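Look for subunit A in each of the two complexes below; its partner is subunit B in the first and subunit C in the second.
Then we have the complex of A and B:
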């Protein structure tokens, strides 16, 4: 095999890696963007919920014996657990604060992320946890050009579009979604046509956080589940949301694609400094379009 | 029992006192005009009733119930429809969805019935509300309020900025609503248009009610007309 073909193979396989990373980034940041767009809360604790999703996945998976069954149960139950936690947070704290300034909300959610971090330490301790890849996803599949793709990555590549479609249906086809689009722009008027906006906000918040939890579960088999995984992710998610256009979930999709691919291809181009590529991409995008690629709801 | 009754309502925007002891009433089946110049306090009165700017003191009763302090969405659910002066259609949603998402109190009003009252809307069902003309937006905001089958409509300067032909159509539609038994509080600067529709009038200026009476009373009161209405 000549070097050209080899390089091509390498690039292609990095693209697959990047796309599966994109899936995780998209799922988490679309939830964050949804909350930002409708409730106007820049939720730093979103990353914590992602981390908690991963830790919950570990516990649930363990509880069910750690095998394939454990993974599927985790995929089902951990996001629900995160959703319940977020509902408590919303009803207990956020619902009283929607009218506050953004800086105040930012500080509050930052405080919350610290509290969540400590809670995780209390409940799960400080050591690494790992969640096994389920049996069915062991092994590789060779698709194009003889590149072996881990089955789990392929699974992620399927989950991404499924989540995107479900989210599209939620936002565009359900009454709740339509109401939340209207409330994103004029919440007072939505209230003045008989809608209990507070309830709608609670529902949207829970949906957004559920996505954070889902992202956490999905990432769990591919990484060490550990304290601090919330920090990197929240940074990335914020950049993706800003790049895509605040509050625009399709912007989050595009942003995640750019970020994920820049990450994986950057490593190929310049292995020692691969980490700077996604950030460079953000800078370039924002220099060209300071308000983000798609229409911001702000 | 009066249908809607405001007693000595005082409303503020922050520190600025806007409404001073505003008292007015609307009886069942009536169209009552609230006339006044720019900045007189018409919209603030409407917003006070709808609790969008909750009054600081005074009483508001609707169907015999004290409604002060209730959230706007609950007021809508007790039968008050609000049509704001700046229209505020849900710009990102289609015309149909603007009607669809409204809370329905009962089955009286349906989208079909709204489209019957405003036939032009039926033809642009799928268009984004943000892309409508002023007249179309006005029909939509009224239709939106009607979806909740209101017993009382607060219409804030519905004819403002519309072409004469459209104003004419709108006047007819407002009279149709009255004939269906809906009570209406109608704010207007356009005195001529308002007087064709209303049963009684209040004149507001500087946040105070300056006159109250029948259309005839107002028409013969040159002093009030000159001082507060510029006609």
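Then we have the complex of A and C:
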């Protein structure tokens, strides 16, 4: 095989790696974007919920004896667990603070992320955890140009669009979604026509956090589940949301694509400084368009 | 009345400085080190507060300047034969230059958008420092940085830190009270009106950013003197938010608020982590309480309580 074809193959396989990373990033950051767009909370604790989702996936999968059944149960139950936790947080803390400055909310969610981080340490301990890839997704599939793609990555590539479409349907086609979009523009007006805005906000918050939990479950079989995975991810998700346009779900998708691909291709271009490419991409985008690529809801 | 208060304040100031000066004679080594750290973080938080509290700028990633200052000093000390004092200054200058470059890009934006571009630029700098093994030592950082004998001892580094911090606080205070500082506060309260009366808003903010970056860099260089190490976490965004928290807990509308906040946070972290590994839990809960009940910070709260009393006195005196 000549070098050109080899390079092509390398690039293509890196793109597939990048795309499966994109799926995770998109699922987490779309939830963040939803919360940011409607509730105006720059939620740093979002990353903690992602981490909790991954740890819950470990526990649930263990409870059902690992393997395939464990994974599917984790996929079902862990996001629900995260959603319940977020509902408690929203009713207990956030609902009293919607009128506060963004800066205060940012710091509050940072405080929550510290609390959640230690709670995870308390419940699950500080060791690495791993969740097995279910039996169905063992093995590879050769699609194009003889590149073997792990089946689990293909599964991720499938889940991403499904989540995107479901989220689009939720925001645009359900009554709850429509109310939340209205409330994002003018909260008081929506309240004035007799809608319980507080309840709508709680629902949107829970949906957003559910996505964080889902991202955590999906990432669990591919990485070591460990403390501190929240801190690296939250920055990435935050930058993706900013890059895409605050509150714009399609923006989150584009942002995640740019970030994920810059990350995976960057490693190919310059292995040592691969980590720099996604950040550089964000800086370039924001220098050209400070409000993000797509229309923000702010 | 006013003259009385200012003499009283000077008296308190001298007393506080004297106490700080005498502390190493009474305290064990560890506490001297701890107070040095408090001074370093206090200076860092105060430097952030120049733009945050007085300029109303959302400088989300201030620690970049702290880290770059520390790295510049460390690199000059380890890789060149430049005298210590020049290496020390190089840290602050490097931070100021970086702050200027970042400021040119970010200053045209406002509030949250400023903060977001700033945090992404800062993350870029962090990523470079984190990966550039041959130059910055990568994620290992640099250890055992050679600091001259006279200021590398515990008491020596304490007195050096104390002196530099006092000088910097004095300078920052003078800057805040100068016409420039008043213009900055005007911009914070109403940028449009400030522009109308002929203040060049962008240029004032840029200068303020450079000043804040400079003193952030000084804090970073001081950390090198106190700890003799640098590591990439010094530029990580979590530390920036922690410094934000310091300003918040102390009160970012008071000059000494960030100082007090830094002391509280460092003390909390040190002593709570002595009892339990779950210190972040305690720390987080304290933060939630401050945000709920003391949104102006501890000094802000005390000042608010003191004010009515003063006014009452004035009324009584007629």
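Assorted remarks:
The rule is simple: the second predicted complex is superposed on the first by the 298 of 298 C-alpha atoms of A that agree within 3 Å, B and C clash if a C-alpha of one lies under 4 Å from a C-alpha of the other, contacts with A are read in each partner's own complex, and residues count from 1 in each chain.
Everything that follows uses one rule, which is that a contact is a pair of C-beta atoms (placed from the backbone, for glycine too) under 8 Å apart; a residue touches a chain by one contact, two chains touch by 3 or more.
As the structure is a prediction and not an experimental result, all values here were calculated from the model.
With subunit A as the common reference, the superposed partners subunit B and subunit C fit together side by side. Touch criterion met: A:107 reaches subunit C, while subunit B stays clear of it. By the document's definition of touching, of the two partners only subunit C reaches A:239; subunit B does not.
In the superposition on chain A, contact is made by A:121 with subunit C only, not with subunit B.
By the touch criterion defined above, A:282 lies against subunit C but remains apart from subunit B after alignment on the C-alpha atoms of chain A. Within the superposed three-chain model, A:273 lies in touch with subunit C and out of touch with subunit B [touch as defined at top]. Within the superposed three-chain arrangement, the count of touched residues of subunit A is higher for C, of the candidates subunit B and subunit C.
Subunit B and subunit C never share a C-alpha pair closer than 17 Å once the two structures are laid over each other.
Note: no residue of subunit A belongs to the subunit B contact set and to the subunit C contact set alike, using the contact criterion stated above.
Interface of subunit C with subunit A (complex): residues 58, 105, 109, 112-113, 116-117, 119-121, 123-124, 127-128, 130-133, 236-238, 241, 244-245, 248, 277-281, 283-285, 287-288, 291-292, 295.
On subunit A, the positions that touch subunit C within their shared complex are 44, 93, 96-97, 100, 102-104, 106-108, 110-115, 117-119, 121-122, 231, 235, 238-239, 242, 272-273, 275-276, 279-280, 282-283, 286-287, 290-291, 298. The touching residues of subunit B, counted against subunit A in their complex, run 50, 52, 71-73, 76-77, 82, 84, 88, 90-93, 97-98, 100-103, 105, 144-145, 147-148. Contacts from subunit A toward subunit B in the complex involve residues 175, 178-179, 181-182, 184-186, 188-197.
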